[in-house]
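To start, the structure under review is shown below, and the notes come after it.
Read from first to last, the chains carry the letters A, B and C; within each, the first residue is number 1.
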Amino acid sequence: MAAIADTLVVAPIRASRGYWASVVARLTRDPIAMLALAIILAIVLAAIFAPLIAPAEPFKGSMIRRLKPIGFPGYPLGSDELGRDMLTRLIYGGRLSLFMGVTPVFFAFVIGSSIGIFAGYLGGRINTLLMRVIDVFFAFPSVLLAIALSGALGAGIFNSIVSLTIVFVPQIARVAEAVTTQIRSRDYVEAARVSGAGPLTIVRVHVLGNVLGPIFVYATSLISVSMILASGLSFLGLGVKPPDPEWGLMLNTLRTAIYTQPMVAALPGVMIFLTSISFNLFSDGLRSAMEVKQ
Amino acid sequence: MLLYILRRIVYVMPVAIGVSIICFLLVHLAPGDPLTAVMPIDATAEQQAEMRQAYGFDKPLPIQYGIWLWKVVQGDLGHSIATGRPVLSEVGRAVGNSLILASVATLIGFTFGTLFGFVAGYFRDSPLDKGASALSVLGVSVPHYWLGIVLVIIFSAQLGWLPPTGAGPDGSGNWRPDLEHLRYIILPAVTMSVIPMGIIARTVRALVADILSQEFVQALRAKGLGEWGVFKHVVTNAAPTALAVMGLQLGYLLGGSILIETVFAWPGTGFLLNAAIFQRDLPLLQGTILVLAMFFVTLNLIVDVLQTALDPRIQRS
Amino acid sequence: MSMDVVAALSADPRDRGGPATPLLSVRGLVKHFGRKGGLLSKGSAIVRAVDGVDFEVAKGETLGIVGESGCGKSTTARLIMQIIKPDVGEILFDGEEVGSSELDLTDFRRQVQMVFQDSYASLNPRLTVEDTIAFGPRVHGLPRRAAIARAHDLLRRVGLEPARFAGRYPHEISGGQRQRVNIARGLALEPRLLILDEAVSALDKSIEAQVLNLLLDLKDEFGLTFIFISHDLNVVRFMSDRVMVMYLGKVAEIGPAEAIFGRPRHPYTEALLASMPSMDPDNRTQEAPISGDPPNPINPPSGCRFHTRCKFATALCSRAEPPPYDVGGGHLAACHLANPESGHPRLAA
């Protein structure tokens, strides 16, 4: 009798995991995503603590020490066309490159999500109107639009961030609208309307939590594109201005060195590539972790 | 079908107009008096007054837009500040070169992209798949202008096999499809093909894997259809979307060619844009962007119509 | 329905109209969905989802609504709930017009609620069970503590122990349990009328029986009135006092359950009943009772909408639409055969 009673005891209540907790759990078990995240963190930390880590001054050059190869005493990664230490410039370059990559995406996320969720939830004519306006921006290839806007506004960090934000807002808005429209027709949203809740409450409680996730994942996949575009703008002379260290700009100024010091000339691109691929891999991992059907 | 085409054209009209508005506003975005943006610095007061009249800078914005649009429709895109030549002729010359480069790059990208994507999708989750997928992630993450520089370093500077810049032996002249010019197109085209390759590979992989996993394929196999038959089936189902993506990539390459063309000094529209930016030659900038954007819109339209023609599911009566 | 129960229902402080007033009265309900033709396409294609529907639901009863897919039953439910706006039609709740000064929408919402079909999308995957149930009351002003307490209470009543279930997420409970949560959510605002739209259709048979019995218990306990929508005739027969049969946006037949199931007067109802597969080996179904596919609600047939599939159809049927005819005992059938004066050739025997 006692044995049977034991088996009837209800198991202790396991604390049920929230959705995000389970996403994090799945993510941490993905080796590639974790590796990518580690690289990203390393680059970010290096950029933040640049003054502490960098061996030399980013702006101090030396005309006799120009274009030294990798491994030259005193210049672990060589020196650039004005004699500045490459390692230092690369570390400091991370600051601007990351900043120009992440900031436009951040602003575009905020603005684009608002527009997309607004259009998606309201539906009907307002949706059509807003989406058609967005379509106009989609009629430009991103690179072209970024260059057009930057070309018109002029060079500089602020202008570049503005043009890149404008380039990304339509893309995020479109994704936001699509996801919101999908969620809006779900039964639980109808049930919420049946309970008499107003649109703002419904969006806050039922829509946002289900919609921001996919939009966020899409936004992270845009960071690598943003970095490449931003450094591309600097490469063309439209973004960061010399002597500020930025990877794209460094690629440009080092072009003449490809015959004398090819390895050094290629270094800034390696950094862009490394950062970009890490963001892409992490974003892919994040998407997989969020996609698992429950 | 004809009705569908007409409907799509009508649908695209507002977008085209929107595009033209943005191009128009570019000049006004620039800081300073729009007049100085379209005139050489050393223009006389008379010339300035004439310009002001012709463009109507003293009139309200919508009317200016109207004047500008009317001119555009007639083919007058203004005159380049730097060279003084009509923008349209400059752009016309450059577009040909860009199209050639973009087309070759798209072909290379499409061929290899489909190959990788197919293999990856067919042998899903195998090492082949992982390898091909890794390659396509690489393709999408690499800054293509940097890749161009690296290729120049390897094949030009170090090995000396291929020329580093230019479209032909005469530097920035136009490219012609003959043996001499062939060497010049290889590096830029290969560089440009990498991103579309990555994107097409990803798309095709997803398509193939999806089609193969659908139940009707299993039904076909159960009926005894051999692998070759299944293969043909997958191809016909995947083709419309794959072709559509290819078409779109062509458009992106055309519009986004500026970076590669700058690296390789290829005399196309991108190179022209670069010059325009450097020299603050806004009429040239505006005109080139307008032409490129319109190209893109038209290309999208063609791809859309073709896709509908090929895929019976999309067709609506 | 015994007089005691009815009397008890009228003792509900929210009751306005008294025992004789139907809780819900629907007249002339119409909803068309326009598929407007754009530029250069063929003319508009209008889906006549609900095309003139009248019925009443008495206090304390269960009205079952049956019909094939596309007949308009779900649209009718949504029109009653005011999730979609009717084009034409009058909806009276306890004698008062919905949306008028006597009965505004918020008030109406507190008294009429809906239980959805169990699907993965019926519950917000990001909210715990208790938060889902507590949402409605909180919207109407109940403080969080009290709303959660009510949620726990309801969970207990639907047979889910709060200690085990309140903090769970939808993906952590089974289909039957999810449906109980759906029901609890429907009851959270203490409604008087509950619309159940295919509420048990997605459940396994054994679970379905449990849930149906639960619904009946709750109905008695809370003094509820039900509208029960389903395509499963057996379930409707089990649950309903009266049944309404819909076809292509119109009412084919309506009446007490025994009458509809025992002595159907509309050929469509007969066909539906005949199409329930028989378990009796001596009584096998020989031929398909209905021919053809259900026509499109975009271009319904002329005259009587069922005439294209009806074995008794004649020229009269394609010409004139039969109005609902009272065959006695609150039983109405929209068929020329039910009306001795219609002039249908078969009646002249």
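Keep this in mind: a contact is a pair of C-beta atoms (placed from the backbone, for glycine too) under 8 Å apart; a residue touches a chain by one contact, two chains touch by 3 or more.
Keep in mind that what you see is a predicted model, and the values were worked out from it rather than measured.
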Relative to chain B, chain with the most remote C-alpha centre: C
Pair joined by more contacting C-beta pairs (A-B or A-C): A-B
By mean Cα position, the chain sitting nearest the middle: A
Distance between the centres, which are taken as Cα means, of chain C and chain B, whole angstrom: 56
Chain centre separation (chain A, chain B; CA means) in Å: 24
Whole-Å gap between the CA centroids of chain A and chain C: 50
Contacts with 2+ other chains: residues of chain A: none
Junction residues of chain B, two or more chains touched: none
Two or more partner chains touched - positions in chain C: none
Chain C-touching residues of chain A, taken from the complex the two chains share: 10, 13, 15-19, 186-188, 190-197, 201, 205-206, 209-210, 294
Interfacial residue positions of chain B with respect to chain A in the complex: 14-16, 18-19, 21-23, 26-27, 29-31, 137-138, 140-143, 145-147, 149-150, 152-153, 157-158, 251-252, 254-256, 258-259, 262, 273-274, 276-278, 282, 285, 289, 292-293, 296-297, 300
Chain A partner contacts - residues on chain C that touch it in the complex: 81, 83, 105-106, 109-110, 113-114, 116-117, 119, 121-128, 132, 135-136, 139-140, 163-164, 167-172, 185, 188-189
Touching residues (chain side chain A, partner chain B) in the complex: 132-133, 135-137, 139-144, 147-149, 151-154, 224, 228, 231-232, 235-238, 248, 251, 255, 258-259, 262, 265-266, 268-269, 272-273, 276-277, 280-281, 284
